[in-house]
Amino acid sequence: MINEKKFVAVIGGWQPTPQEAKLAETVGRELARRGAILVCGGLGGVMEAACLGASSEGGITIGILPGDNRQAANPYVQIPIVTGLGFARNIIVVKSAQAVIAIGGSYGTLSEISHALQSGIPVIGLNTWSLSRGGQQDNSIILAQSPAEAVNKALSLITN
Amino acid sequence: MINEKKFVAVIGGWQPTPQEAKLAETVGRELARRGAILVCGGLGGVMEAACLGASSEGGITIGILPGDNRQAANPYVQIPIVTGLGFARNIIVVKSAQAVIAIGGSYGTLSEISHALQSGIPVIGLNTWSLSRGGQQDNSIILAQSPAEAVNKALSLITN
Amino acid sequence: MINEKKFVAVIGGWQPTPQEAKLAETVGRELARRGAILVCGGLGGVMEAACLGASSEGGITIGILPGDNRQAANPYVQIPIVTGLGFARNIIVVKSAQAVIAIGGSYGTLSEISHALQSGIPVIGLNTWSLSRGGQQDNSIILAQSPAEAVNKALSLITN
Amino acid sequence: MINEKKFVAVIGGWQPTPQEAKLAETVGRELARRGAILVCGGLGGVMEAACLGASSEGGITIGILPGDNRQAANPYVQIPIVTGLGFARNIIVVKSAQAVIAIGGSYGTLSEISHALQSGIPVIGLNTWSLSRGGQQDNSIILAQSPAEAVNKALSLITN
């Protein structure tokens, strides 16, 4: 059954650097090879690159869209979810995943990282935000040095 | 590509009559046979019966869950979407579909019918609510007499 | 303390008939005279007429806005709540009230009526939707013949 | 009119240190003295301390609640907004304000900071998160050393 598959969100900005886009595509490809289902925000940039990668390996891609228009999904989204909730859809992206891989990203990505950590969903970071509080580094974001390492860590942390 | 497939929501209560459950299962089965993807609220009753029907024909089922727990999905949901939004997830159920089939149901179902009509998404009704305003019947809910007719009408009304 | 005051939502369309607008203004005025706080969707039509009425009697008005712009509130909203959630804000309008008065309205109003009934919040109707299911009239919407009667019924049904 | 008043959100955790609670109370008091309306998440900890401070100076307090129960609001909330949206209400807290003051806090607070920065709403920080990206400090959170300075900066940054 498909629902024994693992669901992993890939989050990041819609204006990635070429390097970030490449990371996202490789993460998407690797997730599909490993049989995981990709969840993302459904739009361009990191989201599209990850969906492209997953699709190229026959993987399933879910896009949780902020607007009212399913046509706004990037062309590699197979399952568009139309929320009409604006940025509040960010919380659904992470809650629908069992682990999150963050690649670069701006404040929207940071909100997704925050919501994931708040919900106890593991977050793996590739060139993304780092956090500190009261002068103390917060190490909740699990660092990875490569797409393969990010996917390995994400999948190994899914237990439920 | 999967996203050329048609997405149809099946809505209805979690305490259906046996007849309503049977209608829902047949609708789910027929949607799967016709290659459509089933969207629902992911829980029991009409939602579960429709997912059971679709699954039995190899169809794809999406459950937009109100709570925070993916395990709350009925066993026939293949793609659980975890919103944590409570009943506000109702609006996502209908917006993620291109047509809606309503079977029986209570006020939650009525809210979904309303949101669909508000968004211009066609609603097909099987033994469900009927509406009037100022003493005038509102005929926006398209009546069907059988699951096959409901599915036919739903699929034929999807143009985008 | 203000929070011992009663919160009543006034719901209805943004394109009311002149008679509906007049009803809404009178309801708003009467709610303010009785010391209740008005909750609404914050935009024009019935919402604006009700806020105008309440403001003219020194009442407090809350507008739960669908968009991202507080300036979209009608000029009689004193407390704009900015949700960015689109029509999903409808559910917040009714949940934030202890009773709901529906005046005319279209499918958005019907969604609010549905969400209120689903949550056990009493709904008083003035020239609004009527519902039936399986050929049986549903009498959950409490009918009123005048603004004063609607306000009386709404306030008397608030117990929590 | 009340809606010429300024709306400022105070965000922070529900388990503050005694020092953070004291900061929040002083911020609330100072906002009320300056005629601003306090917006918060409506629950305990920093939220309650800020509402207590504002109430003690006759200020108006708005609590955007995550659950379905208005009684969950802290006793100093005058305007409870009942969302039923869980943590997705965080985004409404910040969008309903024209400036945000963050005091301490955990991942929920970080999500609010992120949503505010994403929406272009200024964030003033008192002993809260600090952010960096790609080894570069992000200075979007405006630092303050005292409640008075935080309130001054928040009010001076509201232009709309």
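In this document, chain identifiers A, B, C and D correspond to the written order of the chains, with residue numbering beginning at 1 in each.
As a convention for this text, a contact is a pair of C-beta atoms (placed from the backbone, for glycine too) under 8 Å apart; a residue touches a chain by one contact, two chains touch by 3 or more.
For clarity, every value in this text was computed on a predicted model and none was experimentally measured.
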Chain pair with more C-beta contacts, B-D versus A-D: A-D
Cα superposition angle of chain B on its copy chain C, in degrees to the nearest 5: 180
Distance from chain D to chain A - Cα centre to Cα centre, in angstrom: 29
Between chain D and chain B, distance of the C-alpha-averaged centres to the nearest whole Å: 40
Residues of chain D whose C-beta touches two or more other chains: 68, 84-85, 87-88, 91, 119
Touching residues (chain side chain C, partner chain B) in the complex: 85, 87-88, 91, 104, 106-108, 110-111, 113-115, 117-119, 127-134, 140
Touching residues on chain A, where the partner in the complex is chain C: 68, 84-88
In the complex with chain D, residue positions of chain C that touch it: 1-3, 7, 37, 60, 62, 64, 68, 70-71, 73, 77-85, 91-92, 95-96, 98, 119, 160
